[in-house]
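Look at the two complexes coming up: chain A is in both, with chain B in one and chain C in the other.
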Partner chain A sequence: MPIIVNVDVMLAKRKMSSGELAEKVGITQANLSILKTGKAKAVRFSTLSALCKALNCQPGDLLEYQPGDEDENDEQ
Partner chain B sequence: MKTNNLKWMKATGIVVIIVCCFWIGLGSIMDGLNATVINGGYMKWNPERMTWQIYIIAGYVLTSVAFATVISTLIYKVLSGLKKKVLFTTGNAKLIFLSGFVYMFMVNFRENFDFAVNGAMEKTFPLPDMAVPALVFTIFGYLYTIAIDIKKENDLTI
Partner chain C sequence: MKKNSTKSLKWLTGAVIVLGLLALAIITVQSIGFFTGTPQKAVWIEGFKGMQVSIIILKLIGSITCFSLLLSFLFNSIKAQKSGVLFPRKNVGLLFGLAASSFITLLCSGNMHIVMGTRQIELGFTELFVPIIICIVALIYRNAVQVSEENSLTI
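Right, the complex of A and B next:
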């Protein structure tokens, strides 16, 4: 997936734990882990909005595009 | 899902399981036993076609029981999955494909059952009766597979 979600970076900057963030955003730790490990296929705007609010950042701080990282599924 | 729809679905599913088990499954066993064993059986054995007669009777019973088992298992898994909210599984898709496959053979044996019991020289190959429902099952199987892919995508949407 060429879109990287830099949750770990923002967590470190805000000195927040994953559990704390998951609770604030209203998602499970499992789902947050899916986001962090790049396995997510899509992110809802409502989730992105909640993440930005919890981490006090902009969507651009969380999302990064790396064209070289093509997922094998994208080729289908 | 509305509670009423769920109740009707469960009720319909239970009726299908009962019909499959008793009418199709046990019914075919009783037909086979009545024809061959019970009270001497009413089958007219034709020495020229005995192997074929045994093949049709046995095939009819086995495929009917198999179809009843597969459909009952599928309905049970779907209904119990509704409770756990796990509906679209690869196992269910395989059961749908298997249902169509077994149904195809069951229809062939069922249509030839009377010929076999009467020791007749005729036989039939009911291609439309075999193929159309089997193809419908196959289409549903593929639709189910697509639904599984959509579910996987949805599960990975945070």
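Right, the complex of A and C next:
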């Protein structure tokens, strides 16, 4: 997936734990882990806005596009 | 709605078990009967006997395979629904297997008259279209599995 989710970076900047973020956003730690490891296929706007609110940042701070890192599944 | 569909699946599985076992019993008795003469003996034709025996055996094996695959499909679906998955991935292979085995079974069923002495091979509408329809369902099911898996990875 060419989209990188920089939740880890923002968590470090805000000095917040994963558990605390998951609780604030209202998602499970397992789902937050899927998001952090780049296994997620899509992010709902509601989740994104909750993440931005909890981390006090913009969507652009959380998402990054890296060209040339195509996923094989995307071509199917 | 989910409760209703699980209930319907359970009823359908029950019906498949009863009807399938009944059909298998009849096919088995009929297949053995072709060799023993009860209820009906096959009319063996010289040079065609190999084909006649193959038709009897393939129909029996195909029917058992179809029944097993259909039961596995239904049990997988019930089990998956209980765990919150609508389309289990292993059912895709079962559907393709069902298409192949139903083609063989229907082809043999449609040509049972060869066992009774006729020298004419037939390939009818049912023999072709039922497996094709099952294949189409399998392809749609495969897409549904992919969409379902993607949906579960949407945060």
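Operating definition for what follows: the second predicted complex is superposed on the first by the 76 of 76 C-alpha atoms of A that agree within 3 Å, B and C clash if a C-alpha of one lies under 4 Å from a C-alpha of the other, contacts with A are read in each partner's own complex, and residues count from 1 in each chain.
Simple rule for what comes next: contacts are C-beta pairs under 8 Å (C-beta built on N, C-alpha and C of every residue); 3 or more make two chains touch, one makes a residue touch a chain.
Nothing here was measured: the structure is a model prediction, and the numbers come from that model.
> Using the superposition on chain A described above, determine whether A:Lys15 touches chain B (first), chain C (second), both, or neither.
A:Lys15: touches no partner chain.
> Which partner chains sit in contact with A:Ile27 here, chain B, chain C, both or neither? Use first/second/both/neither.
Both partners, chain B and chain C.
> Looking at A:Leu35, would you say it contacts chain B, chain C, both, or neither? Reply first, second, both or neither.
Both chain B and chain C are touched by A:Leu35.
> Contact-wise, after the overlay, does A:Thr47 reach chain B, chain C, both or neither (first, second, both, neither)?
After superposing on A, A:Thr47 lies in contact with both chain B and chain C.
> Find the residues of chain A that appear in the contact set with chain B and again in the contact set with chain C.
Shared contact residues on chain A: 27, 31-32, 34-35, 39-44, 47.
> Report the residues of chain A in contact with chain C in the complex, numbered from low to high.
27, 31-32, 34-35, 39-44, 47, 76
> In the complex formed with chain A, which residues of chain C make contact?
Residues of chain C touching chain A: 146, 150, 153-155.
> With touch defined as at the start, can you tell me which chain A residues reach chain B in the complex?
Listed in rising order, the residues are 27, 31-32, 34-35, 39-44, 47.
> For chain B, which residues are in contact with chain A within the complex?
Those residues of chain B that touch chain A are 153, 156-158.
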